[in-house]
C-alpha cells in the first residue's frame, strides 16, 4: 500500500479520558519497535508538537468530547486526517465522563461539584478554562469516525490488531474483539 | 362524597358480583376508580388481597392502562384529544393555550388543585375535531378561545361559591 | 313482549307485528343520538320533536325514533325523515317546529336545512351499517322487524355448524380488524380444535386515533354484533363470548348492555337459545386505554385481567386462547357481516367488492376533507373516489397532499397513488395497511415530517415495552426526528431512519411494532424531498417545524 | 408426552429432536449457537428480546427461536447477513436505551449484554445514547436494583413468580417507561412478599440486580431455575 520509504503518518489525541488508552498503546512493548519502522508519530500527547499537522494518515483519539476546545480539536483532526479511529470506551461511548449527561444542567452541576462542593480553599468556578459542553459526546456523534476500538482500556493486542490490519490495507473484523469496559 | 365504609361496601358488592374472579381485574379497577376518583395504594392493596393476586401484578395492570389514574385529579378536568383527526385540526394549539393560560402541564394539576389537564388518544369524536373533554362533556370543533372561556367560567364560578 | 321466552318460530311473528305497527305511521323521524351528535344536543332535538308532533297534533302519524348514526358526523345533530330519506343537518331544538310544520304538516321539506352533499351517499354500499340511522338501537323489536335474528333462526333450524362455516368460507370474508385473515379459515381452525370450552372475543377496542366506525356500529346496531357472535358460536362450538370494548365509549357500552339484557330476556342469549339445546352468553369486558390491546394476543391478556402484552404466535388463539382454550377473535365489523352471509348465502356476498377482497369496508373519513364521517364502501373502490366523491374533496379549497390509510401505523400515500383500489393486498403493496379503517386526508398546510413524527409518538406511547425493536427502536426514531425538526439533522440521518424502520418492521413481536414504522417508511419513500428540505435548507415547506426553535432563539 | 420425533435442518445440519421442541433448544443441543438474552432454561419463554430471531425457509417473517416449535422438514437459518445485522441493531438499542457503562458496572466481565456486544462485533452504537437517572434502590438488606442497567428481559420476574412462587416482582408502566417493581412499587426494603431468596440476582443477565458486596462471579448462577425444577421433578 505505502512505498517503503514513506512512513505512515500517525497522530494520537487525548480528549476527556484518563490516558489509560495511551498507556495501553504503549503496552504493545517490543511490537512498538516493529511499528516504529512503519509509522511516524506526527502529533501526540507523548510528542511535543503544538499544532495538529496537515495530511495525517491515521489518527487515534482517546477520550470523549466534553468541552468546546476539544470539539474544535476534534473537528480539526478530522479535517486533516484520512482515517480517524475512536480509541477506548470514552471515545466510543462517552463512558465515565458522560455519566453527568444523566442530569439536566450537567455542565454547571459538574463544575459546582468539582470547584465548590469539593474544594477546601478558593471556592470558585474558574473562568479561564474551556467551556464545558452541555452533553459529553462520543466522537462519532460529532464527526465521522472510520474505526472503533472499544475497551476501558482496549488491550494492547486489539490496538495492535487494528493497526496491523489497517497498515496491511485490510478492514479489521471486530467480532469477538470489542470488549467494552 | 360517600363515607369510607359505604364506598368499601360498594366495592365489595361489585367484587362479589364478579365472584372475586381475577380476570375481572380491569372491571374492578374501573369500579374502584369510579368510587374513589383514582387508585391509591390502599385500594390497590385491598383489591389485590380480595382477588388473591400479587400486589405487583395489580400495580402493573393499573399503570399499564392509561385510563387508570394513580393520583387524584383536580376539581375540574380538561382532557385534550390527541387523536389523528384532532391533531391534524390543531388540538395542539389548544393544549398549549390552556397550559399557558392556567400555568398547568399536561398530565398534571394546577397548584391549587382546581384544574387538571390530561391528554387522551382519540375519544372517537373525530368528525368534530378538534375535541376537548371538559368535566366529562365533549366539546367538538373546539378553539383555544372557546376552551379557555369555558374553563374560566367553571373556575370563576367555583371561586364565587367558595367565597 | 319482552321477557317472554321465545321459540324459533316466534321471531317471524314479532317481525310481522312490528312491521304492521310501523305501517300505521305515515312518517318516521329518525334523530341520530350517537356520540357524534349527542354533544351537539341530539337528545334535546329528540325531545323537541316529540313535543312538536304533539303540538301540531300529528303524533299519531309520526313516529319519532332515537336512532344510530347516518355517517355525516360533521353536521350533527342529523335527523332523517322517512319516507324519502330527507336528511336534515345541524338541527337545533329551535329549528324543530319549522321542520315539523313545513315538512310533516304542509308536506314541504325545508330545503336550506337539508344535507346537500348527495355524493356522500352515492358511492357507499351499506351492509354492516345496514340499520344504522334507521332503527332504534335500544329496541330489539326494531332490529327483529328489520330482519334481525332471522339468520340465527335459520342456522338453528336448518343449518349444521359445518354448513355455516361453508357459507362463510364461500363468502370470501376477511377479518376487518386489519390483518385480513380469511374469516372462514379461522372458524374452521377453532371448530376443529378439540378442547373445550371454546370462547369468542369480539374486538371493539378501537384504539386507532381517528377511527370510530366500530363505535358507530355498536351505537347504531348492537344486535347485529350479538347475532354475528351467536352464529359464530354456533359454527365453532363456543359457549361464552366477550365483547372487549373501550371504556372511552360510554354510549356504546350502555347500548350494548341494554341489547344484551334484551336478548337474554327473549332467550336469544343464555342457556337453550330459542328453546334449542344451543347455549351461548355474552359478557362485556372494558378496555382501559391501550392501543396494543387490539392485537389478537394482547386482547386475550386483557380479557384475562392482565397487562395487554402480546405474546408470540404460535400457539395461535384458535388452539390456545383465553385460559389456554380455543378462542375465536373477531372484529365486530366482521361479525356484523355474518347474519347477511347466512341469510343471503356466501355466493351472494362474494359478488360484492373484488374477487380477492369481497364485501365492503367501513372507514372513518377524517382530516381536511369536506364530508368527514363514517362511510361504508365496497372493496376495490379507489382512494380518489373516497376522498373526492364520497369525501367531497379537500376542505377549505386547499390542495391535496397525502392520504393516510390505516391509522397511526398506516401509510401516507401521495397524489400519484390516488387511483389505487382499496383492498388488503394493494394497500400492503404500497406500504399502507387496511388497519381498522382510518382514512385521514392531509392538505398542503401539513408537514409530512411532522406528521410521521406525530404517528411515531403515538406508537411510542402505545408500545407495550415487551420487545426491544418497538420499545427502544421507536424511541430512537423519535430522537432522530426531533433532531431534524430542530434543524440539527444531517442527510445520514435519513439512512439511519430507514435502516431502523425496516429493522423494527421485521424484528418486532406483534403487529403494532411491525406496522409502527409505516408512516416513516412511506413518507421517506414518497415525500423524501420534504425531509431533505428540512435538513439542507432548514425549511419546513408547511411552516410547522422549527417554530419552537425560532421562538427560543428570539428569547 | 408423545414420543414422536421431528427432523429438520438448521444451518444445513440435519437434526432430529422430539416433537414440540423449540428451535432454540434443538439448535443448542446440537452445538449450534443462537444468541439469546431473555430466554432461560427452566423459565417460561417471553420472546421479547428478539436476539434469537431466525429465518425459516418459505416465510418472509422472522421467528424467535426460543418460542417457535420445530416442525418436520423445516429449514432454519440462524446466521444470515440480515440476522447478524439485526442482532447488532438489537444490542445497540439495548446499549443506548439506558445507562450502560461497563467500566464502572458491577457486572463488568460477567455481563451477558457486554459479551454479546463483543461476540457480535458491536464496536459502536449508531444511536445517541440515553443517560437515565433512575434512583438506585438499595433499601433491602443485601439486594440492590439499579434500573439504569435493566434491559427488561423479565428473567427476574419470571424466576420470582415461577420458581420462588412469591411474585414480588412485576412490571409497571409500559413502553419505554416500563420498570421492574416490587409489590406496589415499594422500596425493596419494605417489601411484604419478598423472601430474599436472591434468585433474581442469580439470573439477571446484566448488573441491574446484584448482591451488595458480593462478587458477581459468585452471585450469578443462571442455571438455578433449571436446577430447582429438576429437583422438584424427582
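Which chain is which? They are A, B, C and D, in the order written, and residues in each are numbered from 1.
The definition used in the following text is that a residue touches a chain if its C-beta (ideal position, glycine included) is under 8 Å from a C-beta of that chain, and two chains touch if they have at least 3 such contacts.
Treat the numbers as computed from the prediction; the structure is a model and nothing was measured.
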Point to revise | By number of C-beta contact pairs, the top two chains | key: B-C
Practice item. Round to the nearest whole Å and give the separation of the Cα centres of chain B and chain D. Key: 36
Practice item. Starting from the mean Cα coordinates of chain B and chain C, work out the distance between those two points in Å. Key: 25
Review point. How many Å are there between the centre of chain A and the centre of chain C, using C-alpha atoms for each centre?
Key: 58
Point to revise | Chain centre separation (chain A, chain D; CA means) in Å | key: 34
Practice item. For chain C, jot down the residues that touch at least 2 other chains. Key: 290, 307, 461-462, 464
Check your understanding: What are the residue numbers in chain B that touch two or more other chains?
Key -> 57, 60, 64
Revision key, fill the gap. A full list of chain pairs that touch reads A-D, B-C, B-D, C-D
Check your understanding: chain D touches which residues of chain C in the complex?
Key -> 290, 292, 307, 311-312, 314, 460-469, 471-476, 479, 496, 499-500, 503, 506-509
**Study point:** chain B to chain D touching residues, read off their complex
**Key:** 41, 44-45, 54-60, 63-64
Practice item. Within their complex, state which residues of chain C touch chain B. Key: 35-36, 38-40, 73-74, 76, 206-212, 215, 246-249, 285-291, 302-308, 364, 366-368, 372-374, 404, 407-408, 438, 440, 442, 446, 454-455, 458, 461-462, 464
Point to revise | Touching residues on chain B, where the partner in the complex is chain C | key: 21-27, 29-30, 57, 60-61, 64-68, 81-89, 120-129, 137-140
Practice item. Spell out the residues on chain D that touch chain C in their complex, using ranges where they run on. Key: 46-50, 53, 61-62, 64, 67-69, 85-86, 89-90, 93-94, 96-97, 126-128, 130, 152, 171, 173-178
